[in-house]
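Here come two complexes built around chain A, the first alongside chain B, the second alongside chain C.
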Partner chain A sequence: MDPIAKKSVIGGRVPKPDAPDKAVGRTRYINDMVLPQMLYGRILHADRPHARIVAIDTAEAAKLPGVHVVLTGKDMPRMLFGVNRDNRPLKGDKVRCIRDEIAAVAAESEEICDAALALIKVTYEDLPAVFDPAEAMRPGAPAVHDEKPDNLSLAYRFDHGDVAAAEAESDVVLDDVFDVHYVTHCCMGTSCAIADFDTDGKLTIYSQTQYPYNFKMDLAPALGMHPGDIRVIQPPVGGAFGSKLDVYPYEPVCVLLARAARRPVKLTFSREEEFINAPTRQPARIHLRTGAKADGTLTFRDVDCLLNNGAYTSWGPTTPYVMMRTFSSHYRVPVVRFHSQAVYTNNPYAGSFRGYGNVQATYATASHMDMLAERLGMDLLTLSLKNAQESGEVSPQGSVLADCAFAECLTVAAEKSGFLEKQARYAAARNTPGRIKRGIGLASSIHNAGGAKIHKSDGCGTIVKLDDYARCTVITGASEIGQGIDAVLCQVMAEELGIPMSDVTIVNNDSAIGPWDVGVHASRTTFIAGNGARRAAQKARAQILKAASHQANMPPEGLDLREGWVVLDHSGEPVVKLDRLLRQMHFQKDSELVMVTDYYEPPSEEERPGHVGDMSAAYSHAVHVAEVEVDTETGEVRVLKVTSAQDVGRIINEMGLEAQVEGGIVMGLGYALSEHLLIQDGRVRNPNFRDYKVFTAPEVPEMDLHFIESHSQTGPMGAKGIAELPTIVIAPAVANAVYNAIGIRFKAPPLTPEKVARAIWDRDHGAVAAE
Partner chain B sequence: MSPQAKGTLDEYRAPATLAEAAEALADGKGTVLAGGTDLMLQAEAGKTPYRGRLVNIRRVAGLRGVTEDGGTIRIGALTTVTDLLNDPLVAEKAPVLAATADKFASSQIRNAATVGGNICNASPAGDMILPLLALDARVELASWRDGALATRTVALDGFFTGPGATVKGPEELLGAVLFETPPAGRTARFVKSGPRPALEIATVAAAIAMTVDGGTLRDVRLALGAVAPTPLRAKRTEALLEGETLDGDLIARAAETVAGEVNPIDDVRATAWYRKHLVTIYVRRLLQDDGKG
Partner chain C sequence: MTAKVEIEFTLNGRPRRVTVPADMSTLTLLREELGLTGSKLACGEGECGACTILVDGVSQNACLMFAVDCAGRDLLTIEGLRTEDALHPMQRAFVDHGAIQCGFCMPGMIMQAKYLADTTPGLTREGMRRGLEGNVCRCTGYKKVFDAVADAAGIDG
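Here is the complex of A and B:
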């Protein structure tokens, strides 16, 4: 046989293993699932922001043929859940926002459920409501939770250095308020759960969750169950983006219906329900002061952040935890003061959403850098490079920036886009005739790229087994929610074990099988699960090579695995076929199976009191340059091109990487320009895709993507986490570009046509700007 | 939404001829289904409850297609928006309809949405209505009277009485929309707001038809969408333009006049201020031959 050369699949273009089924419509999403005997569940929502529940009459609904169960909050003990333990599956005595779950029905069809809901009579006594967090803080404001008369939900503080002293040394201080808005995830698959009990009272829940292991822990208190009695199955989902990183009331409600009905129950949101009842991104009012010396050196950032908590507390109000990292580490900032408060109101509430606070914070920091450059008469690239950290620098919060490629990202994005030349040219053309103006804007940010140790462990377990045919199964704690981890794990196995990627099966949809993992968040999965899978594969490899070395009578170090063979490492000469060797190992006297486990814990730290600690095992930067065209009459902003340079550590799957970056940019463009969940007096005014405008395919600009490989020493094969930065950076790049085009600064996205047109009109007619 | 609000359907008919369709509607208790792209959504939302009998007119023969006869163009009620986009007669004689179709919804919706449905739905933001108003179109209404098919013709200008309301009775079916073939030299244009090239419900839309005769404007028709309770003919602005020489001063005066002629509202999609602002911009663009949205 011919020798077999060494080949690597890392950095290749690998289609996602789930893509063909999705493309031909074969994928059975959770929304498609039907279990034998299954009933359907639906929830009666309050549809009013603040009220006492005086009486609920379910008698008529319960009598309707086909109805099996009608539940209300009065039927159950006060089981609290959520980040602040302030939420209940069904509300008993009080309504705190329009989402509130008042009653639920399980019936033989969704139509019967709807008919039953219409027969439920609820008597409310409306209460004065409060929707603005600043108003909610005033003495005498209505208390959303009677136990919390001051309406204060969560506060964060980080103080590093002396702001007053730093300010005294500053030549320039910028002082602005940025108001970032409500948006929602718009997953293609609406929220859905199926609950099924065994006769012995153990629960199986089919769920869209992106954190199956802690999900059990968070769900259990809402049910009065032991987490160990809950099994989570994760069928394919139509997107999550952070919206499934917590327990939301519909999930325990679905379970409670199933328990009462003694039948499986499926509960699915309609699209309208999804817009009204699914979590949002956390809106924020960010008062940012930035100081600098005349030469551009940043001297301090001073931030007060006010968050509308809404009625209950999911992850949204914890996003300042990430925001403060942005304010303290996006560029070298010696002195930082960050205070935030989340205040209860009668609004709907926010969860986690791709970027987790950094989208909001970067809108402020990256806008301020652009404003600072203009104030100082410097160009933005020079200013940015002057303040960009280098490898080895440590941020005020203790982030150690190893393998840092910030400066390179800045230079590449600026050069490839012609940023400086165009910015000067477009600014000069601002006051020339013509209704279409062009602009170009640059923005950057930093994000954790090696997990985030927000729990005691940020680890991931992996089991790798090889069967008698050299087919490999990877059982991992890491969930696949569409982001592409399955492809990466196939590549890692192929690389370490010398087998084709098509011989690898990934199992990661059952909490009874998979080992623990924190969940898909914080851009962590490729980094953490990739590292874990690699270590497991290396253990399997060592076991195989040891067995082979007995056969070949040479040390295992002299052997390698290539294309399904054990070969001599130096020459590539085949020694024994892998499947044959595995069978020999198996069917011999001292038989052994190749079946290894690994639990990978990244080398990161939990924050110590005072929010200091190196919470991620890697950090990364991205720089976007957006080029836009503004119609100065209609206010329409068209994005022509986005140039992106991102430190990815090392490319593992180039196709997956492109998809994440392109998708992230498109999602961020919606945030920048068109998406706005309009909440007025606590009510969602645009719960449909007609009036909630996600970015559509024809609007998507040309994208020129550059991947900078900094070779992380901690990442799998050198890779860093990449998935959130694209969404984080693009919005301020667009806002900076619009400024370049028309000279108006938008501190409150989205830059809708009306907002832009109004600002231009106000300026040209001498009125006070609308912002 | 409670099921009562949707109304109940206890009968379904799929007539094959116009006469059968008219008969099925005779008692005023039928709901017409064409493409269903408005009806299904509105009925589900409880906005237009079903009347009890669903009359699917999609199988009625002879209601689809564009024809020309004796200087009159006739568009059957079931002609889809996609049909208009691809029809050679439209491309040659009334290209403004294809231009409007191009800005209408998305491919999927255009394949189902009918011209008759767009007119009968009577939305102030109905796109196809505007160029038809500008072309002085009229509609043919069929009904079952004294055991026979009867038709009457009504001018489109005056057909609409409020949001979702028209002079058409519940027993009447819209069979076709007709207009005189525009003579050579007649110009017609359409503009619609929104940076989205697809799937945008107009914040404001406008259509114009006019003849520029040696620099002088003749027979100006200006139709505006989403600025009043019905699609609107801007007759004061038309009168201002009539017989005048098209120049910068006239365009400025037209923009000013039209702003005083519309009566838009604040809603989720835009404020009244922005709608007025857009109308003046669009009138300028329509007159300046700059149809870009």
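Here is the complex of A and C:
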């Protein structure tokens, strides 16, 4: 046999292994599933923002043929769940927002459920409601939760250095309020759960969750169950983007219906319910003061942040935990003061959403950098490079910026887009005649790229098994929600074990099989699960090479695995076929099976009191340059081109990487320009795709992507996490571009045509300020 | 009770005869009566395109079409697009270009792309973008979809 040369699959363009089934319509998503004997569940939501529930009459509904169970909050003990333990599956005493779950029905069909819901009579006693967090803080404001009369939910503080002293040394202080809005995930597969009990009272829940292991812990208190009695099955999902990182009431409601019916129950949201009843991104009112010296050196950031908590507490009000990292580490800032408060109102409530607070914070910091450059008469690139950290620097919160490529990202994005030359040219043309104005804007940010140690462990378990045909099974705690970890893990196995990627099967959809993992969040999965899978593969490799070394009569270090063979490392000469060796190992006298485990814990630390700690095992930067056209008559902003430079550590799957960055940019463009969940007096006014405008094909700009490889010393093969930064950075790049085009600063996205046209009209007709 | 109607039509090349309630949608017929769950219910009001199928060669939102209106028509769904031994070139292109992430919108997106490619002589990139406007995707940013469709439809540049 000919020698086999060493080949690498890292950095290749690898289609997702689940793509063919998805392309032919064969994939059975949770929304497609039907179990034998399955009933359907539906929820009656409150139609008012704040009220006492006086009485619920379900007699007529229960009599309807086909109805099996009708439940209300009056029927069950007060089981609290959620981040603040302030939520219940069904509300028995009080309505706190329009999405509140009042009653639920399980029946033979969804149509019968709806007919039954229409027969439920609820007597309410309306209460004065409060929707604005500043108003909710005032003495005498209606209390959303009777036991919390001040409406305060969560507060965060970070204080580093003396702001007054830093301000005294500053030549310039910018002082602005940024108001960032409600948006929602719009997962194409609407929220869905299927609950099924066995005869011993143990629960199997088919779930869209993106954190199956802690999901059990969070779901259990809403049911009065032990988390150990819950098994989570994760069928393929139609998107998540952070929306499935918590337990929401429809999930325990589905379970309670199944328990009462002694039948499996499936509960699915309609699209309208999805808009009204799924979590949003956290809105925020950010009062940011930024100080600098005349030479551009940043002196301090002083931030007061007010969050509309809504009626209950999911992850949204915890996003200041990440916002403060942005304010303290997006550029070198020696002095930082960050105070935030989340205040209960009678609005719907926010969860986590791709970027987790950093989308909101970066809109403020990156807008301020652009404003500062103009105020100081410096160009933005020079100002940015002056304040960009270098490898080895430590942020005020203790983020250690190893393998930092911030300056390179700035330079590459600016050069490839022609930023400086165009910015000057477009600014000069701003006041010349012509309806269409062009602009270019640059923005950057930093994000955790090696997980985030928000729990005691940020780990991920992996089991790697090779069978007697040299087929590899990877059982990992890491979930696949469409982002592409399946392809990455196949590459890692192929690289370490010298087998084709098509011989790798990923098993990650059953909490009874998979080992523990924190979940898909914080751009962590490729970094954490990739590292874990690599370590497991290396253990399997070592076991295989040791067995082969006995046969080949040479030390394992002289052997390698290539294309399904054990070969001599120096020459590539084949020694034994891998499947044959595995069978020999299996069936020999002292038999052994190649099945190894690994629990990977990243080298990061939990925050100490005061919010200091190196909470991620890697950090990364991205820089976007957006070029836009503004129609000064209609206010329409068209994005022509986005140039992106992102530190990705090292490319593992180039095609998957591009897809995540492109998808993240376009999602962020919706945030910047068109998406706004309008909540007025606590009601969602645009719960459909007609009036809530996500980006579609014609609006997508040219995207010029540049990947900077900083080779993280902690990442798998040098890779860093990548998936949130594209969504974080793009909105302020667009806003800065619009400023360049028309000279108007928008401190409250989205920059809709109405808003832009109004601002231009106000300016031209002498009204005061745009925002 | 809703009146029931017996209809005959062609589904993915095979003749079918079914009895359906007069108010049932074609999407419900496909998904719940015939077990073809490839076409997705994502909005149910014709706004997202996830249920796109071809009816007599023309793309339709199956959620907006009554099942009784299938009578005498020729329906093609995502399940009928591939041949016995190979993916349809449009399906292949979506896989190879990395255009599929969560994939929930993709059956509708692929059917709409096939419709555009089949019915638009000299399809341009701009025409393709306009033609895909009714298909919402939340994962990909559409760029890889464009690459896939351009490849399968033979669009230059």
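In the analysis below, the second predicted complex is superposed on the first by the 770 of 771 C-alpha atoms of A that agree within 3 Å, B and C clash if a C-alpha of one lies under 4 Å from a C-alpha of the other, contacts with A are read in each partner's own complex, and residues count from 1 in each chain.
Here is the rule we go by: a contact is a pair of C-beta atoms (placed from the backbone, for glycine too) under 8 Å apart; a residue touches a chain by one contact, two chains touch by 3 or more.
The model shown is predicted, which means the values in this text are computed figures rather than measured ones.
S.K.: Should the superposition on chain A be reported as showing a clash between chain B and chain C, or a fit?
M.R.: Overlaying the two structures gives chain B and chain C room side by side.
S.K.: Thinking of the overlay built on chain A, is A:P698 touched by chain B (first), by chain C (second), by both, or by neither?
M.R.: Both chain B and chain C are touched by A:P698.
S.K.: State whether A:D114 touches chain B only (first), chain C only (second), both chains, or neither.
M.R.: first
S.K.: In the combined three-chain superposition, what is the angle centred on chain A between chain B and chain C, taking C-alpha centres, to the nearest 10 degrees?
M.R.: Angle at the centre of chain A: 40 degrees.
S.K.: What is the contact status of A:T634 with respect to chain B (first) and chain C (second): first, second, both, or neither?
M.R.: first
S.K.: Just chain B (first), just chain C (second), both, or neither: which does A:I481 touch?
M.R.: In the superposition, A:I481 contacts chain C only.
S.K.: Of the two partner chains, chain B (first) and chain C (second), which one does A:R758 touch, if any: first, second, both, or neither?
M.R.: first
S.K.: Looking at the overlay, what does A:K16 touch: chain B (first), chain C (second), both, or neither?
M.R.: A:K16 sits against chain C, while chain B stays out of touch.
S.K.: Residues of chain A touched by chain B versus by chain C: which partner has the larger set?
M.R.: C
S.K.: Is A:I730 touching anything from chain B or chain C once the two structures are fitted on A? First, second, both or neither.
M.R.: A:I730: touches no partner chain.
S.K.: Quick one: is A:L678 in contact with chain B, with chain C, with both, or with neither? Answer first, second, both or neither.
M.R.: first
S.K.: So, A:P236: does it touch chain B (first), chain C (second), both, or neither?
M.R.: A:P236: touches chain C, not chain B.
S.K.: When the two complexes are placed on top of each other via chain A, what is the minimal CA separation of chain B and chain C in Å?
M.R.: Between chain B and chain C, the shortest C-alpha distance works out to 5 Å.
S.K.: Do any residues of chain A touch both chain B and chain C, and if so, which are they?
M.R.: Residues common to the chain A contacts of chain C and of chain B are 689-690, 696, 698, listed in rising order.
S.K.: Flag every residue of chain A that touches chain B in the complex, lowest number first.
M.R.: 111, 114-115, 117-118, 633-634, 636-638, 673-674, 678, 685-686, 689-691, 693, 696, 698-699, 753-754, 757-758, 761
S.K.: For chain A, which residues are in contact with chain C within the complex?
M.R.: Within the complex, chain A contacts chain C at residues 13, 15-16, 18-20, 22-29, 31-32, 185-190, 236-241, 270-271, 481-484, 655-656, 658-659, 662-667, 688-690, 694-698, 700, 703.
S.K.: Report the residues of chain C in contact with chain A in the complex, numbered from low to high.
M.R.: 31, 36-45, 47-48, 50, 77-79, 81-82, 87, 91-92, 94-107, 110, 128-130, 132-146
S.K.: Which part of chain B faces chain A closely enough to touch in the complex?
M.R.: Going through chain B, the ones touching chain A are 1-4, 193-199, 201, 203, 268-271, 273-274, 277-278, 281, 293.
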